[in-house]
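Note that the chains are named A, B and C in the order they appear, and that numbering of residues resets to 1 at the start of each chain.
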Amino acid sequence: MKTVGSAESLVPNFIVVIDDLISKNVFRQSEAKLEEKPAKMEFSLEKLTKYTGYYRCPDDIKNFKVRIKYVQVPAGDPDPDPEKDEDDDDEAPKPPDEVKFEWQSKVIGWQQKHFSKSESDFYSDPLNCVSDLEKSFHEQLKEQGEGTGEVYTYVQGEGYSDEEFASKMTRLQYLVENTDEAKDLLQVEDDDFDFTKHLQSSIRNNIIPTHVEKMYIIADLGESIEDIWIKDERLLHTLKYEANTQVLSVYPDFTTVEPYFIKLTHSDGIKYFLYFLENYSEASDEYNRQEREVLQKVTEYARDVKKRVIGNKFPLPPKNKLYVYLFLEILSARNFEYPDVYVRYYIDLPDGWCCERPETLQGRTRTCHAVNDENLLHFGHCSETVLQYNLQNLSETGVPKTPYIYFEVFSQGSWGRYRTEGLAYRNLPVSQPGRHSYNLSCFRFTQGKSAAIDKMVVDTVGTGELKVRMNVVHQSQAFLKEFSEGERTDRFIYEKLNSSSLIKSVDEVLHAFRRARRNMLEVRKDL
Amino acid sequence: MGDGTFLVSLSGQIEWLDVLAPSGTSWYCKYEFYSGPDWKLIGGLEAGLSQIANVVTNGDKVVLNFPIEVQFKSTNPYGWPQIVLSVYKDMQLGGYGRAHMPLKPGVHALDVHLSRPISSSMLGSVFAFFGYHPELVDVKTLATTTGNNLIRMETTGYARITVNVVTQEFKNLGYDIGKTKD
Amino acid sequence: MAEVHIIGQINQAKDFPKQHLFCKWHLQIGNNWRVISGKREGQTQVSYSQFGGTTTWSFPIDIHLATAGLQGWPKIYIEVYHLDWLGRSHLFGYGLVTVPTSPGSHTLDCYTWRPFGSLRERFVQYFLGGGLQLKYPDLIFSSGERYKLSTEAMGVVSFDLSVLLRNFTNYGIEYN
């Protein structure tokens, strides 16, 4: 049983591979049936939508082959409805009852000339062959003999065209043909920008194809009436190949499951011409092998570059610690009373938290001058800090205390006076990695005592609004085990940390130590 | 696949152009894909030319419904594909636009901003008045980061593109693109 | 080592007093970060819109970074300039924004500001344009001498950035 030629070298291997596998399986089934002599027609013969298939050919186009399988069968309905429009070629044929399918097939290579009967007669006569192409046809005919069957081809150079009008020279084609002159006129020197390369690539990559090779598969579906052959030439498939972009277009596309059909009204009744077209090219593994080699080299090179540039070091926090990276941005503020404003921030760490560089826990922005009606202030202040949490505290308390960040908004008056305009605070979202944006409303104490939080003062008044954004990232060795286990579950982070074996093991060791110590003391007491 | 490559499949269409089109004008659009050195086009057409759409009512959207379908293979997200559009009005330039294709799998609607160069000299402005607008020699330079310093561009509208992104083997290479779009 | 891809665009600017703006951008990274591919800085084209409102650049950003630590996470620093009809450029704002640490697509707003001069300087600026520029732009990044600088708010530049992270989970890092 013949198998369909491997399509990997020709078709887009991503999506169509799946389709191809499906059609391969189905085709083997239907092919088996075709080789037998079936009694009934098993195609549903719905009208297939004809569309163009575009394929990229990494291979040489010379490896391209198609196989066309065709048969002419009489229609099933002997008494066609006289009221039906006989010119309706779109109508799907009715399946005939008892028909033998004698499929004929032809394998056609790229730009391979197949001769029809009338062409065989024409080119056999050397006097008819004038141009080089026709002379080569004559030679070919001498070698292979007459053409058989209804299907033949027209190749590039024969002057056959399926277009109703020749396309007019477009402006783009005009530019393409006159680029040499253009290149001389343009002289630009720019180190960073390779002008010539871009110009050349834009010319090469123009959309209107200029170097197109065409091929047509034709069938002569005429009949012979009283010993005279009435020719009925029908165009079955148009194949175009564009050398620049290596794109092959096939209209209508390949079909291996359902055939295309043409309805013919002959003098002896209605007949249907059914045909399949399949991709019969031989896969060249050479291309795939080359590609694999190149890919291997590329990935190795990329890895080497990264190793050389960075190396493999990435500091991990110590086993009992959780690192929380905090990237803070103080974005803007509005609706504060006085025009010249700056913001100070301060992070307060409760027990269990520490920071390697405590100077990053506080800072201040520039002084900003308010504009427009809502006294808009833009700070755009960025800072980063790393907070460390000792995981051993988890086993005791369960949920740790979260640090707080305090913002204090100062206004700078004339003569260098400073005044608190507002206070705001927030607990840091240390349990949720990701991005957090906040609009904090600030308040101010109305009594004279400004600055620190004084318990005596109870009157506050709302002032402006402060917009901040924080990015939080966690790092801990406890997560390593979880990631290597596979799917990350969305457990609350402290559960994850708590259940990590690190803590348990440390805990157990401590317990064991304490037990051992207690035992030792007891033993000592007895002595 | 195991050879360090991943596949990206993009399919969608250029739906319409919102360019404040006067009635009686005809518009068409050209698209091209630009991708980095590690990217290879394995399927589909990397460039295309749409039909010519005529505008009947003043200010109508120019509806194209122009299909786009491409598949890429790559070893590196650097150079993620970008689509570069050139929009033409009658025989003149209507505008250029570029957008990165979305990284997250799913259906996305992109608004690609269109703008066209305006001449920087007085003589050029006079020509522009008569309909000879300056055009870029290679539109793909819009997708690179060099070569377009100090070109003056004027907004002419935007194009709406819907695209469906499917990736394969991307996560297996260790890349995390965040939670998939809702 | 871990890798970060920043793929996106500098989208548009709004609330600036004039159109005809261009933006110079620069990626700020710590000492333990390296750029593998992509440009670390650039300049957009000059854009203007006769419909008023926003100035859109849609300028592509594609940078591939490798790192050996989380400190010094990338930030994007921008300078927005106005190009007048004589071809002179005037500073319209400085801005600094942190690249998001969680993977996915983000729309970020960068709030810009420019130095606010004395009354006399502002008077001159009103008529002749120009204005004060920072002699030492490092002032923006360090926090020591901040208090000496007085600024005023300008417009907002919005970015559409997609962040792609690789191999961070190998080092026990959780980001979303």
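Criterion: a residue touches a chain if its C-beta (ideal position, glycine included) is under 8 Å from a C-beta of that chain, and two chains touch if they have at least 3 such contacts.
Here is each chain with its UniProt name: B = B9 domain-containing protein 1; C = B9 domain-containing protein 2.
This is a predicted model, so every value here is computed, not measured.
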By Cα centroid distance, the chain farthest from chain B is C
Contact-richer chain pair [B-C vs A-C]
A-C
Give, as an integer number of Å, the spacing between the C-alpha centres of chain B and chain A.
15
Per the C-alpha centroid definition, the whole-Å distance linking chain B and chain C comes out as 24
Centroid of chain A to centroid of chain C, CA atoms only: how many Å?
29
Would you give the residues of chain B that are in contact with at least 2 other chains, written as numbers and ranges?
76, 146
Multi-chain contacts in chain C: which residues touch at least two other chains?
36, 102, 169, 176
Which residues of chain C touch chain B in the complex?
5, 7-9, 12, 20, 22, 36-39, 42-51, 55-56, 58-62, 64, 83, 87, 102-105, 162-169, 176
In the complex of these two chains, what residues of chain A are touching chain B?
11-16, 54-56, 171, 190, 192-193, 195, 198-199, 201-202, 205, 207-208, 245, 247, 292, 295-296, 298-299, 302
In the complex, go through chain B and note every residue touching chain C.
36, 76-80, 82, 97-100, 102-104, 112-113, 115, 120, 143-146, 148-155, 173-179
Can you name the residues of chain A that touch chain C in the complex?
305-307, 309-317, 325, 327, 329, 331-332, 340, 342, 363-371, 376-384, 386, 433-435, 469, 471-480, 483, 493
Would you pull the chain B residues touching chain A in the complex into a rising list?
3-5, 7, 9, 30, 32, 38, 41-49, 71, 73, 75-76, 91, 137-141, 146-147, 168
